[in-house]
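Here come two complexes built around subunit A, the first alongside subunit B, the second alongside subunit C.
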Partner chain A sequence: MTAITPTHQKPTNAQVFSTFWAMVRKELTVLSRYPVDFIASFVQIFIIVAIFTLAGLTFSETGQASEATSGVVVYGFVMFMFVSDTLWTIGFNVRHEQVQGTLEQLYLSPASKFASLIARVAHLLIWTSLLSLTSALIMRAMLGSLPVNNLGLALGLLAFILSGTFGIGFAFAALTLRVKEAANSLVNMFQFVFMILGACFFPFGALPEWMRWISRLIPTAYGVDIFRSTLMGYPAGFPELAPVNVEIVIVVVFGLVMPVLGYWLFRGAERHAREKGSLGEF
Partner chain B sequence: MTAISLPARKPGKASPATLVSATFATVRARLLIVSRYKGQLFNEILTPIVLAAMPILLGRATAGDRAAEVFLANTGTANYVGFMLIGSATFVIVSNAFWHIANWLRWEMETGTLESIYLTPTHRVFVAAGTGIYSTSRSTVGAFVAYLIGSAIMGINPFQGDLLIAFLFILCGLIPLFGMTLFYGALVLKLKEANAMLNLMQWVVNFLMGVFFPITVMPAAAQLVAKLFPPTWMTNGVRSAMLGVGYFFGEWYLDLAVLWFFMLAAPMLGIWAFKKIENSVRRNEGVGQF
Partner chain C sequence: MLGTVVIENLSKTYHTKQRKGLFKSIPRDVESLKGISLEVEEGEIFGLLGPNGAGKTTMIKILSTLLLPSSGSARLNGYDVVADDNAVRATVGCMLMGDRGLYWKLTGRENLIYFGALYHYSPADRKRRAQEIIDMLELGDLADRSVETYSSGQKMKLAFGKSLINDAPLLILDEPTNTLDVPSASELRAIVRQKNQQEGKTIIYTTHIMAEAETLCDRVAIIDYGQLLAIGRVPELKASLGREHITRIAGVIPSKAVEAVKALPAVSQATLGSVDGVAELTVMSHNGADTLARLIEVLGQIGATIQKITPQDVTLEDVFIAKTGRTLAENTAVETGAKK
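The block that comes next holds the complex of A and B.
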């Protein structure tokens, strides 16, 4: 009789990619099963854009916004969409698997957990990019003008910002495993805090000085600031939180360090849940 | 052997006292559940303040020292902080009314108790009414506290203008609002997983109510649609009473009369739509399916 000895091999790169792609396909298939959701989320963006545009115009003497205001609002909104999507989708998906009762089974499979986590947000990035582009175009039409400078650099910075928010997403997923249902309220609260301290819909200059100091402690705030300042061509007073070079360094370090830190936190929470046997609990 | 005597009432019929008791039992149960989630209650107070803060800060950044002056020229009041806070607080009441009814139905569906509610002698309208009372009390108190805190943070006097008339507009606006929530309920019964649709509706409501701007800045067709929506009259009534932005018909009692009309029409339309969908669902897949 031959005993079967379990192997503890690390998955190869091809296997990791295959897991990633299988998960992306699964997420896209689920998405395609709810066409009403799909259309509704698209229309919702247009309405949010219209609401904030009309709100902004009540403070305009000419009925049109200046180039700087358009840049601040439009690019801030784009950043808000990207950041909030990446920030809480991973945690939300983990929670969903937990409620559905499939999370435990997923952990019993030899598939890469990292690929499965990343895949939960990858398909949304394509969708959010499309929404961002369209909403930027609509806002440009409604507000009058929109400055577009240093596009290559801005996209590069966006990649680092997204990588960093992926890391925060992992950390939130870890929190979800720990606090379960209470994570929803926490995510909502963090989203509100980010809306204000990240100055997504207005310049940082509108915040009181003490609040600006708190903003300076949040890396994503630098992301918003440098992304829009770069696209606006660094007009006088921009970026607002720190000099250009300093903000670029902060964003790059954030993009490199945060995913590692976030994933480490996630693995810790995951190990804790497995030891306690609470992966399937919700 | 003693025979058990049954009450004279027809089997399956509940007494009025039982119905009232069921309604308040629902209110108590809902309040008890939400008291377990203190974070949610905190968010509920935070939401209107954050929502109002965004256009306020944007306005200050755009118009600088002349923000009040420019806002006065565009809206009829210089108190843009009060305008936005009233808008966002009313929006939270309206949005919660829709969400609480929709979530209640969806929750009962998912936990498998909706069908049981249909089988109890207490008519489901009384359970729904309990959810409505719970939603009104939770949202109104939350919105009021948020308005007070927001006013304190942003340095305005929260008690200005004709408070009694403002209160009347809120009171009269709540009845058509809950009539309209039945449309939402019908949507959930029909579509089941209607979260995205409800999210969208939330922003449509925000747009139509003119939460951050007077509806006069919208195109004529959109203004007409907005005026068919009772919360628009409620929001404008409260703002006019407190900030003097101007009633749609010039006088408070004329605008209030329109709300009175909605008080009759909206619940009737809501009940009609809900019953129609409900009957169709019961005839087909049944209310237990999700």
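The block that comes next holds the complex of A and C.
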């Protein structure tokens, strides 16, 4: 038998990345072992796309949506998919592993806990990117038009938005470690709050004024607004919540601060779980 | 330093809440470990014995860095479990929760490769190490089947293999033969012994099977109510009861027999358990032959029906009973006062 000497040296960046990639592959492999779920989620996305597209067309007089309408619906939907993945998947996954007993195994190893958090959602982001692109193409075909402007800036903004939502994802994972099953109920509630106040499937103008004020307190709402406004080329009335520069600043600050804050909260919850011995509780 | 464990004055208090009705709860402190100090030497198999709730799992969780101690310290392979937690993790192999902790949708091989990645091994090393473990445990074709199709015993075997993935000088094995059938348990013990004798690994081994501890462990510690009651080599611990005579009495024995028998002057300890559904009274006395007649008399007075009387040599189980006053099957309820 060839022994591999255990090492306690700080791992190199290459080693950390290799471990991270193994984590992502593990998630993908597990996902592939549920073929029915896999197909169902794929079909489900296109059903949702069709519902919103057809609903949009119902209100168009010509049977063709305007560029603004299709931009709002398509890019709002894309943002909803990305943000939903990032916000909740990390926490759900932590909870799933806690129930399964594998979370304790992770804590028995020297692997980076930060990398493990990111890996929980990285595989989904790859999948969501493909779905988003396909959905956008289908919706474009159905709606007849789809504005594509400032693509580079929009993708840059998307990176900051995702970085910020990763931070919220870490915070939610922290909450999961603390309150366990109760976190699911909170997610169900917040998912709808985010969907409505984030105006993912309609313009913010459709919200009553008092709700729009609440939306102005939610950074992800600015994310939805600036992402689609940028791709739509800032037509009149867009962005809706604040001027372009203000929204960009909010999104950048959100993307820089929230991951740090979220991870700090997660480390706190992790320490609390190690004090209480609750890492393996289910 | 490698392969050693030094525990000094280790304590753990859980801050919990005792529910009172629907909305009320009272803060409560539960002292699970009370200032335990012990050392495990390089290359020994060290048994940790105690009934459920004695503090055994708490100690194992602290040693494996899953739990933070309230006070005191523990150093494994020279690394502190709090300050150098990642170094402890890198240099210790753990099997803690039996067959939980495996990815059931992955194959055995995929599990081992994944866990190898968590120790920062290169992809080639992960695969090589996984194959070595598959060969060592003779998993064969099973290795490429998804874990959900494994029997409990096969899952335990794989979980044991997982603890070997980083080839650590120190292994912590928490009841590794649980749910294994007799031949598989024996096979696993043989591998543990081989790892210890041929590769010099230090092993901390918890079990509730006394015969297992007796045959496998170089030294054992008995803990109960969070305290260290005894520590030493198995023959030494047995010798400590050298002047004691053990008598096992089977039959229909009422529970009041324990108190009645303990009242006899020569009896130092008595416990009531059951073997194959038949009550068995274990009595330790200073002068076995002389006390036997008195025992029979007392048991007759309280209405016991004796079926069998067996005088026996001292076993580790007897040491445990002598130290704790209970059999290993009995649970411990550790409560040390509610917070006001």
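Annotations
Criterion: the second predicted complex is superposed on the first by the 270 of 282 C-alpha atoms of A that agree within 3 Å, B and C clash if a C-alpha of one lies under 4 Å from a C-alpha of the other, contacts with A are read in each partner's own complex, and residues count from 1 in each chain.
In the analysis below, contacts are C-beta pairs under 8 Å (C-beta built on N, C-alpha and C of every residue); 3 or more make two chains touch, one makes a residue touch a chain.
Please read all numbers here as calculations on a predicted model, not as lab measurements.
In the superposed pair of complexes, A:Asn188 makes contact with subunit B only, with no contact to subunit C.
Shared-chain residue A:Gly277: touches subunit C; no touch with subunit B. Look at A:Phe201: by the touch rule set out above, it reaches subunit B but stays clear of subunit C.
Once chain A of one complex is fitted onto chain A of the other, the partner contacts of A:Thr19 are limited to subunit C, with no touch recorded for subunit B. Within the superposed three-chain model, A:Ile48 lies in touch with subunit B and out of touch with subunit C [touch as defined at top]. In the superposed model, A:Asn245 makes contact with neither subunit B nor subunit C.
By the touch criterion defined above, A:Thr58 reaches subunit B but does not reach subunit C. Shared contact residues on subunit A (touching subunit B in one structure, subunit C in the other): 34.
Considering their complex, residues 1-8, 11, 15-16, 18-19, 22-23, 26, 29-30, 33-34, 100-102, 104-111, 271, 274-277, 279-280 of subunit A touch subunit C. Interface residues of subunit C, counted against subunit A in their complex, comprise 14-15, 58, 61, 64-68, 79, 84, 86-87, 89-91, 94, 96-97, 100-106, 110, 113-115, 117-123, 125-126, 128-129, 132, 136, 146, 162, 166-169, 199. Subunit B meets subunit A in the complex at residues 37, 39-40, 42-43, 46-47, 50, 53-55, 57-63, 67, 70-71, 73-75, 80, 191, 193-197, 199-200, 203-204, 206-207, 211-214, 217-218. Against subunit B, in their complex, subunit A makes its touches with residues 34, 36-38, 40-41, 43-44, 47-48, 50-52, 54-61, 65-66, 69, 72-73, 181-182, 185-186, 188-189, 192, 195-196, 199, 201-203, 205-207.
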